[in-house]
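Read through the structures below before going on.
Here chain A shows up in two complexes: once beside chain B, once beside chain C.
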Partner chain A sequence: MAVSVDERAGTGRGADRALVPPRPRSLGAWWRRHERRLAPYLFVAPFFVLFAVFMAYPVANALWLSLHEWTGLGAMEWVGWDNYGEVLRDASFHHAAANTAWYAAASLFVICPLALLLALALNSRRVAAKDLLRTGYFIPVVLSPVVIALMFTIIFDQEFGLMNAGLRGLLGIRPINWLGSPEWARLVIIIILVWRWTGYIMIYFLAGLQNIPRELYEAAQLDGAGSWRLFWNITLPLLRPVTAFVAVVVLIGASQIFEEPYILTNGGPGEATLSIANYVQREGFERLNFGYAATASFILFAFVFLVTQVQIRFFGIGREQEG
Partner chain B sequence: MSLSRRQLLHAAGAASLGAATTQRLHRRSAAAQTAGDKEPVTIQFWTHDQNYIDFFTARAAELTESPDSPYAYELNITQAPSADIITKAVAAYSAGRGIPDTVGIEISQFSRFMQRGVAEQTLLDLTDRVAELRDQFFESRWAPYTVDGRVYAVESGYPLSVYYYRQDLLDEYGVETPLETWDQVMQIGREVVVPQGKAMAAISTTGGQGGGDITQFGLLFQQRGGTFFDAAGNLTLDTPEAVEVAELLATGLQEGTILGLTDFYGGPGAAAMQQGATVGYFMPDWFETYVLQPTVPDQEGLWRIQPLPAFAGGGSRTSVWGGTGFAVSRDSPVAEATWELLRYGYLTRDGQIKRWQEIKYLPTMAEVWDDPALTGPDPFLGGQEAGQVYKELAPTAPTQYQSPFWNQLTVELAGQLAELYNGRTSPADAIKNAAAAIQAEMG
Partner chain C sequence: MAGTGSRVWRDRAVPLALTAVLLVGLVVPLLPLLWTLSSSFKPVSDIFIYPPRLLPAAATLENYRRLFTDLPFLRWFWNTLWVSVVSTGLALFFSALAGYAFAKYEFRGKTLLFNIVLGSLLVPFAVLLIPLFVMITRIGWADSFLALIVPWVAPAYGIFLMRQYIVQAVPNELIDAGRVDGAGEFRVFWTLVLPLVRPALGALAIWNFLGVYNSFLWPLVVMSSNDNLMLPVGLAQIYGNYSREYGLVMGGAVLAAVPMVAVFIALRRQFIEGLTFGALKG
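And then the complex of A and B:
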């Protein structure tokens, strides 16, 4: 138990304690005595204060909320872990989880390789107008989601869309119901993801490529290495830290995908494009099941955490430093 | 006796306050005030529709000028899409601050207020306030905003549905109007209109709450005599009427007599309208002012309306779809002034007529339908007396009952309708599966 200086001073002195006048102290003197010990904590305090207020408290509160039923108004009703069982049995959550897995897989296995290819192309000495191309690839990231929704709705409309017009004109294919058919709608979402995020991921790879010393390539070329061997034996191994970072970030981002399905299909048709984040939003704000929505969020967190751990082991993140 | 400056100021202030209070009491009792003397009231007015902003701004100005009202109104407008404005309102109610004084709740959003006492905790119970007036209005428009027998919002219009058609195109193809039955519509479509590369009607296949859109299905289902939920909140979807409507739409889409649009209100919908891809639409009254006029102003005079073609098996010649109920927040500091504005705008004969004249939303007050103001020619409809068409339909419109499970209904039904429209399931299975899924969620 902590004991104050005053209490310690008073111990054993009995009634005399009241007669001893308190030692005059100023804040300045106190600070001078403790400055060396406290200063470092004050320097790091802003982060911890902000973290506690804007991260730790909301997360703890959401965890508490996930153990209740609550419409957002009035008293919360304690349901314990029931919400977790119900969410895990909910067919809609299963649909959302499956769709989210599709989006995550597409992000990892389509966007990342494409981004790497683009980065390799832009890193090549033979490509001109690199700045223009880089800007062009990056533009989708900064475009408003509303503009994206409008644009892709028009492109993929069954009757009046550019895509069907092109397919009909070039290949004579009958109009495809891109946004009204579950499989096609899911594919359209993945196309948007690829279009929107490939340029962004490319920037990371490009930065990684530009950090690989040219001398390594020159030395390998003197030893007779071809393009494929250069890529396989120099580029890929030296890009490993960037690849690991990108893989983790992309997986986390794809698991939380919300905007693309929301603006284009609103999760439909039915629940064919519903992501877990859409599901959380729907349960929380449209159906006012805030406890249930918080539960789904924590299940998503647990899933992403586990997969990220697998990724970290796969890429050996942190092992170099330990070695 | 000597007074300090401070005492003098306090005394003067108290005298002014007393005089002002006396004056206010006098004003209220005398009910004869000028705008300068009135109690200033700023109302936080939330809505998704510019028409309501225009309408209530005009009514607020009238009340401010009126000697019968004690309030000088100012509206502080917040405008956002219909679902977003309710999400924002729910967040504000949950936080207990920044709440709207009045909020326009689009009918499909009202189900959010039906969840476990939300309406009771957030909205002013209007049941007693409308009790004396209630009989003067079509009862079917109180039902959508009623929870456990208590009324929480006042309807903004009577969304009667009709068949809109291009008179010029049908004349060109030699089709005589009005079209009497849906069988006739489909036959003319197959034999006359589809060969011209056009459809008889267009429906929205995606884009709603569940990523699909049940608007046209719901509209025809209610016309045929069905309801999604009954007055007690039980699901009543799985019926022969629902199967019949699903079959009509699926057949129409397959044959091309009905055009499926992925974005009915967006670019593709506008393109269909501008290119004349369909000769008609079956939609509610607001379709004219909200969609047709702004999208194809150059087609003024070419359109006409008629009652919905009849189903051979029965039902009405009209339906309802849409609507917005205006509610007053229970904890609004200016609830009385807000209610006064709402009452003046929506629950008086003059207000109902002005609403029709200014923003073309049909009256919900029965006696107003006899007013000559409703029977004028509509230039966009080639001078047709639209009010006369609606007047004959008004008493026969079906009632739309609400449920806290409206979102579940939309999601599940939209998913099954998408399967049906893609030819992957039969009408009967689509309805059966949707009903089973919704019922499972309802518990």
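And then the complex of A and C:
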């Protein structure tokens, strides 16, 4: 290919061109010769430039900031690992970590089973109106968390929110001060998370279920296995890769929860709903403790990293990593 | 006899009952939406009456009028729209390009580089919040739309999704044929590969758009002047400033949600299939 380009260039320059020793190739010719080898690097370059500037550097910088005391202006004061000790002893951080753990646990043990149940129901052969059902249960996923949080302000209003009105009308229960007491407020956040994420996780399980060959069930049924045995011995084991993926997604999602507590209760009452992301934002942008906030975020990072590694090992994601 | 009876039971009655339960269950995801919609047409005094009324007794458009005349709602909507469109367009291009490289080339360091792409998915945004804000401020992008767009135009999940799709959807023979015809590498990508991956591009477009349109924490910390806010931040601000005027807040929530819900209902198959392109086939 490169040769033909040179020849064409040569013919355009007159007869004496042939006597001149070969000149350095033009850039275009050089490119044509190496294109195939270099192209993939150029194609992935935009990601890696942005990754280096807007992710790798900031993460390294977060580590650096976490070793300093800094208000965001003026000089940074080196404090070594002191911030880590302080954050780990900070009662507010304990609250944030415990609340985030609650959110993660609810996601794993409430959302995932519920989503699996919905997926099983929607996957059974004779259920009608599947498109309607799938669409309806999925709708919350497309809404902004802010919109969702705002929607639920009037549902969980302490006196005549829809929830209290419903409880009073149906069960005669006196109004509950949902957002005013620590336990109820945390429960409200969890209810909203369940509302927002169940349809999303359901889709993954549904796709997983549809990938299980029907013949497996038919063969087992011939052998006399009941529905419970089918579920336990075929469905669950074959859903393992999906479950692993979902577990990682849910955990990373739970570690990022921010909008609902921020809008509904501003982390309160007290710090009953404060998440780690709320804590980092509050320390950084309301209290201007940038080093301290960076420390907390780095601890979160280390924790998420460890847990996802354990999950990945445990479920063996990556072993079937073949396109 | 008993056998046929129980078969009828299993094949007809159980699915029917299940369908009925699932249909009734739709109340859970849909009622909050309907309640928000209904409340947005109510004067404040009617939102918390008992017993609650799903159909407003005296419907009013006052909440919507105020959003458009007293508040820069349209401005926020416009900001959100164009930022979402521009960043999604760029994200499609860069994701497809890198995904193609990972799917169809052998090059030194490929495995390592691809693992970096995947690993970057595990970084919680909270880690970036502080240092990224510091950096954006230093380079003078605070309160600039560049800060909302540039860092996110080559999303790792997009690259992963495109790579997974291209591996199976684009035959190697096609690429080789293009090269034999004298097309350069980029030309092969642009004219031969891209048309074949439209379904994946569609799915990525939808999900990326949704992510930008709904994003909150980053626009909250990085944008400051009132005219530059993104819609969710603007909504949170309305709630902060007019917290007792629930009708106004619900009107804003409805207007922000309607475009996404409409697009979702129209493109629900692409939405839902797009979710599982990358994840489950890998």
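We take it that the second predicted complex is superposed on the first by the 265 of 323 C-alpha atoms of A that agree within 3 Å, B and C clash if a C-alpha of one lies under 4 Å from a C-alpha of the other, contacts with A are read in each partner's own complex, and residues count from 1 in each chain.
The working rule: contacts are C-beta pairs under 8 Å (C-beta built on N, C-alpha and C of every residue); 3 or more make two chains touch, one makes a residue touch a chain.
No experiment lies behind these values; they were computed from the predicted model shown.
Trainee: So, on chain A, is it clash or fit between chain B and chain C?
Mentor: clash
Trainee: Figure out whether A:L27 sits in contact with chain B (first) or chain C (second), or with both, or with neither.
Mentor: neither
Trainee: Using the touch criterion from the header, give the chain among chain B and chain C with more contacted residues in chain A.
Mentor: Tallying touched residues of chain A, the top partner is C.
Trainee: Just chain B (first), just chain C (second), both, or neither: which does A:L179 touch?
Mentor: In the superposition, A:L179 touches chain B alone.
Trainee: A:S255 contacts which: chain B (first), chain C (second), both, neither?
Mentor: Only chain C; A:S255 stays clear of chain B.
Trainee: After lining up the shared chain so the two structures overlap, which partner does A:V59 touch, if you call chain B first and chain C second: first, second, both or neither?
Mentor: In the superposition, A:V59 contacts chain C only.
Trainee: Check whether A:G72 is in contact with chain B, with chain C, with both or with neither, and answer first, second, both or neither.
Mentor: both
Trainee: In the overlaid three-chain picture, which partner chain does A:A293 touch, first (chain B) or second (chain C), both, or neither?
Mentor: second
Trainee: After superposition on the shared chain, which partner residues are touched by A:T265: those of chain B (first), chain C (second), both, or neither?
Mentor: In the superposed model, A:T265 contacts chain B only, not chain C.
Trainee: Looking at the overlay, what does A:L171 touch: chain B (first), chain C (second), both, or neither?
Mentor: Neither partner.
Trainee: Tell me the contact category for A:L222 with respect to chain B and chain C: first, second, both or neither.
Mentor: neither
Trainee: After the overlay on chain A, which stretch of chain C ends up in the same space as chain B: 97-105, 115-123, 151-159 or 241-249?
Mentor: 241-249
Trainee: Could you give the residue numbers on chain A that contact chain B in one complex and chain C in the other?
Mentor: The answer is residues 72, 150, 153-154, 157, 159-161, 285 of chain A.
Trainee: Applying the document's contact rule, which stretches of chain A touch chain C when the two form their complex?
Mentor: So the residues of chain A in touch with chain C come to 1, 32, 35-37, 39-41, 43-44, 46-48, 50-51, 53-55, 57-59, 61-62, 65, 72, 118, 121-122, 124-129, 131-140, 142-147, 150-155, 157, 159-162, 165-166, 168-169, 195, 199-200, 203-204, 207-208, 211, 241-242, 245, 252, 255-256, 258-259, 262-263, 276-277, 280-281, 284-285, 290, 293-294, 297-298, 300-301, 304-305, 308, 320-323.
Trainee: Where on chain C is chain A touching in the complex?
Mentor: Touch list, chain C to chain A: 11-12, 15, 18-19, 21-23, 25-26, 28-33, 35-36, 39, 47-52, 94, 97-98, 100-103, 105, 107, 110, 113, 116-117, 120-135, 150-151, 153-154, 156, 159, 163-164, 167-168, 179, 182, 184-186, 189, 210, 213-214, 216-217, 221, 231-233, 235-236, 239, 246, 249-250, 252-253, 256-257, 260-261, 263-265, 268, 271-272, 275-276, 279-282.
Trainee: Name, in rising order, each residue of chain B that touches chain A in their complex.
Mentor: Chain B residues touching chain A: 83, 87, 90-91, 93-94, 112, 115-118, 121-122, 205-212, 259-263, 266-268, 271-272, 277, 407-408, 411-412, 414-419, 421-422, 437.
Trainee: Which residues of chain A touch chain B in the complex?
Mentor: 71-74, 91-92, 150, 153-154, 156-161, 177-182, 185, 265-274, 282, 285-288
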